[in-house]
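Presented sequentially are two complexes of chain A, the first with chain B as partner and the second with chain C.
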Partner chain A sequence: MSDAFWQSVDLSLFWEYRQVLLAGLLFNVYVFACSAATALAVGLAAALLRVSRAWPFRWIGTVHVEVFRNAPDYIMIVWVHFVLPLLLGLLIGRRLEFHPFVSAVIALGFVYSGYFAETFRAGIQAVPLGHIEAARACGMAERLILRRVILPQVVRRMLPEAVNQFVSLFKATTIVSLIAVPDLMYNVSMVTAQEMRPLPLYTGAALTYFGVIWLAATGVRLLSERWRNKIYA
Partner chain B sequence: MDATPAIRVVDLRKSFGTLEVLKGVSFDVHRGSVVSMIGASGSGKSTLLRCINFLETPSGGEVFIDGEQMGFRSDAGGERRLQPLSEINRMRRDLGMVFQQFNLWPHMTVLGNVTEAPIRVRGMSRRQATALGEECLARVHLSEKAREYPARLSGGQQQRVAIARALAMQPKAMLFDEPTSSLDPELTDEVLSVMRELAGDGTTMIVVTHEMGFARDASDRVLFLHNGLIEEEGPPAQVFGAPRSERCRQFLSKHLQ
Partner chain C sequence: MSNWERLVWNQRGVLLQGLAVTVEVCLIAFAVAIVGGLTLCLVRMYVRPLRPVAIALIEFFRATPIYVQLMWITYVWPELFGWPQSYFTAGWLGLGLQSSGYLAETFRAGIEGVARGHREAGYALGMSPLLVFRRIVMPQTLLTVAPSIVNQFTVIVKSSTLVSVITVQDLMFQAMKLVNVWYEPIEILTVTAAIYILFVFLLSTAGKLLADRMRRRYGLAAA
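Right after this comes the complex of A and B.
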């Protein structure tokens, strides 16, 4: 193979720009953390609505899940960043603009809240009624039962499924570069425009994402298996 | 001497839709006594027990715990209204319940199961609750299992932990809903043995059971339920030895060895 080929696959260029690219990766992690927190909080609220005895709450929960689970990540990011500020601005009579980071967190947080809502709902409904009745028989209030009996079991039961969704969410953070969030992909595209050597830069980015996700997901799965095996012998 | 019964049930009725499961049941349980409820499946025994601590809301009738009405109160116009859940929960604290399926919380250790309600509901400090929990586990002969998780215990051990969990709330009365029905025969004895000890210690107990030996030997009174009503009631010697009800006689001849 020619020298040109080996030169083009040489990843040392990626290494040369590692500080800038690492800063971008850290921004992905930052977007992921904030989106995940949003998705978990909104998802839990939606799940509790879905299992409510009152039909209006159930209806609201169902609509939330169906809308956001069926919304493509890319469309949501573009809509939240460009369209939502326009709508809100018209409502309040002022010009509004969202910071790209805020748009990314809102969009990804709400899209993945739809998935987490279903994960939580399945987990809540899988908790045996007998466990809840035993808590009621002790005189526990419903909120205490939710906090001390139901949610701890939901977390343990649904952790494998939740890990899969966290992996998907982290992968989804790569598209925030489309609205100029300075993540790894955005920084790679900036450096590529300067160096005109896309192969080592994009390959390096792909390998970096793979490495980070694989390591984190494997670590969490191993830890959660040990944790669950202690309880579910 | 205070003659107020620990539990008084007056004309208790319960329907699920059009199906009337309890058709007007009345009885008293005095302090320190053991009342066993026997009867065929579907006679309403478990429903009756669950109405006492309002895990099921009765359709009619009244339940009194130590003289205080449970679950309902009369408003100014004399109309009967359901009490707020906080009031029902307050009274539930004084009734320990042991379920057929144990219903231990799998994410907590044995000691965690036993101390959870004393800490979160009665507001005990962790130190006090731990000391009380260890005492209750000693009573059911499971002190060495305090740090284990329920999944690692046998069925009989899990049920004894469930008894300890109920005892830790220091209830006025204990309700047992077929506590040995889910257990293999060889594990039944260890649970019945603990229950006999509790009975011997003067614990007020209502026991729904298919264990005729326990009902005959450890109870002060036996109630035979059929089709949502008490058909036979009395001391074990009378119910087992000379039942007045033909249905009770037939039931006992099928179930007594």
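Right after this comes the complex of A and C.
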């Protein structure tokens, strides 16, 4: 027991492979950035559909949100990677294959767009009607109202919840290793297969993710609180 | 249409078996999460010397991705502690511990949300701290946090797809196995995804209804 304990505390093996593993971690960040951008864009679109005046649009938005909010990340990634290219291939009559990275970004982007859509919607609906009416009375176009009056307030209001969602999105990027995207977890399992010593490697990976996520989450939360206080005060 | 019959309907036994394993893992993990979360929360709030330990555990469980945690528990814990010995145990343990971190914070928010005057009124009537906790604090806490607990269960169900990676034979595992046998993923994966989405949708709808009812009946603002 104590032997195994010291072996797990001794993370030299993890350190030995630091270059490969760091490259993996950077890949995590890369996947995160791309899928976060996708999620924000698609989420905003879905939220606008949900508050639309025409019921078919509202309906599409609702279905989008309900499907993606209730879908497990892993099955969506697998589905996008294995099924979507086949379906699209049938549609255009050609064989199609997605790069694992593309599948990961699409899947995570769409799953998290469901969560972001709800956050956006709550923010949009919290904007007082008077503000919009005032903007209309000033002769602003609908587009301009959205950009100048609604969205700035939405962003401020949704910030704390968005931070939480960004954190869970980053955590979800670890499972992209399962479709062979070379992120930290993928490299860890590759090295484990070579060295046959899971103990230091998985412990190191767990501690690394914990450190990165905890620091990022705490830091961003502090920053966003300060920012909000400054603006509201 | 025959594809659907051959790939999905004729395999329904296997898929249902997988679904049963999924439900089993989720229920055990849920129980672990509630007991573990409550324990962590109480230790954090009332046991001074162990407080840093509880905070460290809560933060670790919350800030580590579930997949990483599952792999860590499955491959490192047996060497480190000689337990868990089976993948099934590792599966529910990983899911349960992750959620216990979240539930600990939920419980804490609930307990701190109980108005101070209620507790003081209990003391003024000569109730012991334990009795105050059991009769006054806990019932109110449970009411306010019930919807969040249901939500946490949906998170467990979603994360439970990952136990297939450590070869627990849940629905996801069986689906992937069928895909690897037939090399025809369209029908199987679509149906599997639909089952999961429907399952989680029903659970989260139940959570929403519960929250609405709590708010209407007890005037509680649910998180």
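Simple rule for what comes next: the second predicted complex is superposed on the first by the 226 of 233 C-alpha atoms of A that agree within 3 Å, B and C clash if a C-alpha of one lies under 4 Å from a C-alpha of the other, contacts with A are read in each partner's own complex, and residues count from 1 in each chain.
Here is the rule we go by: a residue touches a chain if its C-beta (ideal position, glycine included) is under 8 Å from a C-beta of that chain, and two chains touch if they have at least 3 such contacts.
All of these numbers come straight from a predicted model, not from anything done at the bench.
In the superposed pair of complexes, A:I175 makes contact with chain C only, with no contact to chain B. Of the two partner chains, neither chain B nor chain C is touched by A:S52. Of the two partner chains, chain C is the only one touched by A:V67; chain B is not. The partner that reaches more residues of chain A, of the two candidates chain B and chain C, is C.
When the two structures are aligned on the shared chain, A:S224 is found in touch with neither chain B nor chain C. By the touch criterion defined above, A:I75 reaches chain C but does not reach chain B.
Looking at the shared chain after the overlay, A:N164 reaches neither chain B nor chain C.
No residue of chain A lies in contact with both chain B in one complex and chain C in the other. The part of chain A that touches chain C in the complex is made up of residues 1, 4-5, 7-8, 66-67, 69-76, 78-79, 82-83, 86-87, 167, 171-172, 174-175, 177-178, 185, 189, 192, 198-199, 202-203, 205-206, 209-210, 213-214, 217.
Per the touch definition, chain C reaches chain A in the complex via residues 59-60, 63-69, 71-72, 75-76, 79-82, 154, 157-162, 164-165, 172, 176, 179, 185-186, 189-190, 192-193, 196-197, 200-201, 204.
Partner chain B is touched in their complex by these residues of chain A: 128, 130-131, 133-142, 144, 148-149, 152-153, 156, 230-233. Those residues of chain B that touch chain A in the shared complex are 53, 55, 85-86, 89-93, 95-97, 99, 101, 103-107, 116-117, 120-121, 149, 151-152, 162, 165-166, 169.
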